[in-house]
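The following pair of complexes shares a single chain, chain A, combined with chain B in the former and chain C in the latter.
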Partner chain A sequence: MIDQLARVFEGVSTFGQMDATTVAIRIALIALGLLLIYLSAKEILDPLILMPMGLAMALVNGAILTMDGRLTNLFVDPMLAKPDDVLNGMQIFFLQPVYNLTFSNSLIACLVFMGIGVITDLDFLIARPFTSMLIAVAAELGSILTFPLAVAFGFTYKEAAAIAIVGGADGPMVLFTSLELAKHLFVPISVVAYVYLSITYAIYPYMIKLFVPKHMQGIVMDLRSIPKVSSRQKLAFAVLAGTVLSLLFPVAAPLFASFFIGVIVKEADIPRYRKFLDEVVLTGSSFFLGFVLGALLSVSVVTDPRIVLIMILGMVALLVSGIGGLIAGVVTYWLSGGKTNPLIGIAGVSCMPTTAKVAQKCAFAVNKRAVILPFAMGPNVAGVITTAIIAGIYVGLLR
Partner chain B sequence: MFRQRRTWLGLFLIVVGIVFVRVLSGMIGPGNWAIFIYLLGVVIALGGLALVASAIQVSSVSVVTCPRCFLVNSAEADKCVRCATPLRKDDDGRGEK
Partner chain C sequence: MEAVNALIFVMGVYVLTLVVALFVGVVIVVIRRATAERAKPKVPSVEEGAKKEGAIA
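Now for the complex of A and B:
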């Protein structure tokens, strides 16, 4: 009778087949999933990715069952490697086709990047290329300094690079780098990155208050006119930049191709492609990114004891990048004779357009007339490109 | 764009950078010098790209910012296209002095 009940309620009965530590981790993961759903529903965290991620995380850890004598689930098995196993897995695990055809070859990162490209405006980057690049490079401080730190904590060079790129604050880049350099740490690094990317935007305003004097935060920038570059010139620049970056970093060429095809579709003004990339590709890939990442975070996959270290290093990377961006923002303030609001520095931490909005929100909190969002878009776009460059350097040198 | 000297200087730097990254660093072989040449090439090429960008002609468009939702509207607009807030056009965009 008990055996039959155990078979009927297999999700619950499998708790009895696990050791105490695994049970605790499983319960913690279910609780974390539910917390993500709650915080996303309250819009404290970004619901676009973290809502499906939280749901999948809670469900996959609840729905553990016994199959062929081992504990598993029917969502996805990322450990399948042999072609026969993968083919069989695709008929059993319902997210296996999405994982094998879009995650393990980084296609999902490229699809997100196409969508990012199509919402990117190059005007401010082209109007102030050196300022934007200076801020964006400084905002990569976390991606650079976390690398030796992670090596000091015992990670290999490849693992350290995959963790350090979290400081670039760009989800697709984290996916790409961890898949290329440390596939065994891909799940924890990616989940930590995406959760932190949401949390950090709540932390950055406090960091701004700590590092930037209040009188600088409310500086009003001249917004009587904004720079405008003709679509033809932006198109030419996008083609040139894409070609040069692909020549420099062939390993990251799929990312550059994806980003610049988005930009080119926008500038060439092809409305149907533009709508397709923005509304279908970006929305669809963001949804599956969150859902599959959540499903990958099952207790049977998260077994690496170094996950706490990854969480600490990921946070350090993001905070140091934010500090680097703010320092560059203050330098820009001095260089411009006090005409530039230093908060645009935080926008160099690339995740588009959220950090630019954080800068605007903080400026607005001090001065209701301080509109800096358009100016923050230059470093923001440059940040996307520099993170891809840092990823290209890491993958190129360490692969 | 191509009439400006900066464009050609930028393109030259890009070529030099690519030669550093793709040819010279490979010829030197593995080691710290190769990494230095590789990174130097990246900096030179990106500097060239920024130089090309700086040579692109940039015009300016007059705008009015919505005081409520911060949307940048055309200077001709009477109210914000997003939130319909009436737009003030009597200031210089720099706010209170």
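Now for the complex of A and C:
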């Protein structure tokens, strides 16, 4: 009788087949999934990615069963490598086709990038290219300084680079780098990155209060000082920059191509493509990105004890990048004779458009007349480009 | 020692990133200049001037 009940309620009975540590991790992952759903529903975290991620995380760790003598689930098995196993897996695990056809080859990151390209505003980047690019380079400090830190903690160069790129605060780039350099750490790094990216909205305002004097935060910038940039100039930039960057970093060319095709569709004003990339491609890929990442975070997959270190290093990377951006913002304030609001520095951290919105929100909290969002978008877009450059260099040198 | 080597390596990566970022900046400036020259107002041709005069008349 008990045996029959155990077979019927297999998700519960599998607790008995695990050691105490694994049971604790499994319960913790279910609880974390439920917490993500709660915080997303309250809009404390970004619900677009974290709601499906939390749901999948809770479900996949509940739905563990025995198959061929081992504990698994029917969602996805990222450990399948041989072509025959993958083909068989596609008949069993319902998310396996999505994983193998869009995650293993970084297609999902490219699809997200196409959507980001179509919502990108290039005006300030083209109007003030050097200011934007230099702020963005400073805001990559976390992607740089976390690397030796990770090596000091025992990670290899490849693993350290995959972790450090979290400091670029660019989800698709984190996916791409970890898939290229440290596939075995792809799940924990990507999940940590996406959870952290959604809490930048909550953490960075405190950092701004800590590092930037209040009288600087409310500086009003003159919107008329942004020269008019034509669509033709933006199109020319997208075509040329895409070509040049692909020429320099062929390993990152799919990401450059995806980002700039989005920009071109926007600037060429092709409404049907624009709507398709924004409403279908970006929305669909964000949903599956969150859901599959959550499903990958199963107790049978997350066995690397270094996940705690990855969590610490990921947070360090994002905080140091924020500090780098703010320092660049303050330097720009001094160089411009006090005409530039230093908060645009935080937008150099390329979590687009979240960090630009954070800059605007903090400026607005101090001065209701301070409109800095159009200025913050310059370093924000430049941040996407500099993160891609660093990822290209890391992958090119270390793969 | 390993961490120091990693720091030296990553500083090289940072410098390279800075150089490429500045290069992207130069590309933008070149595009701006090139398109600004094209955008200069054209001297109206004799026919266009005649048409305009006709229109005023």
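Observations, loosely collected:
In this text, the second predicted complex is superposed on the first by the 395 of 399 C-alpha atoms of A that agree within 3 Å, B and C clash if a C-alpha of one lies under 4 Å from a C-alpha of the other, contacts with A are read in each partner's own complex, and residues count from 1 in each chain.
To be clear about the criterion, a contact is a pair of C-beta atoms (placed from the backbone, for glycine too) under 8 Å apart; a residue touches a chain by one contact, two chains touch by 3 or more.
Predicted model only: the values in this text are computed from it and were never measured.
In this overlay on chain A, chain B clashes with chain C. In the superposition on chain A, A:Ala370 makes contact with chain B only, not with chain C.
Once chain A of one complex is fitted onto chain A of the other, the partner contacts of A:Ile92 are absent, as it touches neither chain B nor chain C. In the superposed model, A:Leu149 makes contact with chain C only, not with chain B. Residue contacts after overlaying the shared chain place A:Leu65 against neither chain B nor chain C. In the overlay built on the shared chain, the residue A:Leu248 is in contact with chain B and with chain C.
In the superposition on chain A, A:Ala41 makes contact with neither chain B nor chain C. Applying the stated contact rule after C-alpha superposition, one finds that A:Gln360 touches chain B and leaves chain C untouched. When the two structures are aligned on the shared chain, A:Ser225 is found in touch with chain B, with no touch to chain C.
Overlap of the chain B and chain C interfaces on chain A: residues 125-126, 129-130, 133, 230, 233, 236-237, 240-241, 244, 248, 389, 393, 397.
Interface residues of chain C facing chain A in the complex, by the touch rule stated above, are 2-7, 9-11, 13-14, 16-18, 20-25, 27-29, 31-32, 34-35, 39. Chain contact summary for the complex, chain A toward chain B: residues 123, 125-127, 129-130, 133, 220-230, 233, 236-237, 240-241, 244, 247-248, 360, 364, 367-371, 373-374, 389, 393, 396-397.
The touching residues of chain B, when paired with chain A in their complex, are 1, 14, 17-18, 21-22, 35, 38-39, 41-42, 45-46, 48-50, 52-54, 56-63, 65, 67, 70, 72, 92-96. By the touch rule above, chain A contacts chain C in their complex via residues 125-126, 129-130, 133-134, 136-137, 140, 144-145, 147-149, 151-152, 157, 160, 164, 230, 232-233, 236-237, 240-241, 244-245, 248, 382, 385-386, 389-390, 393-394, 397.
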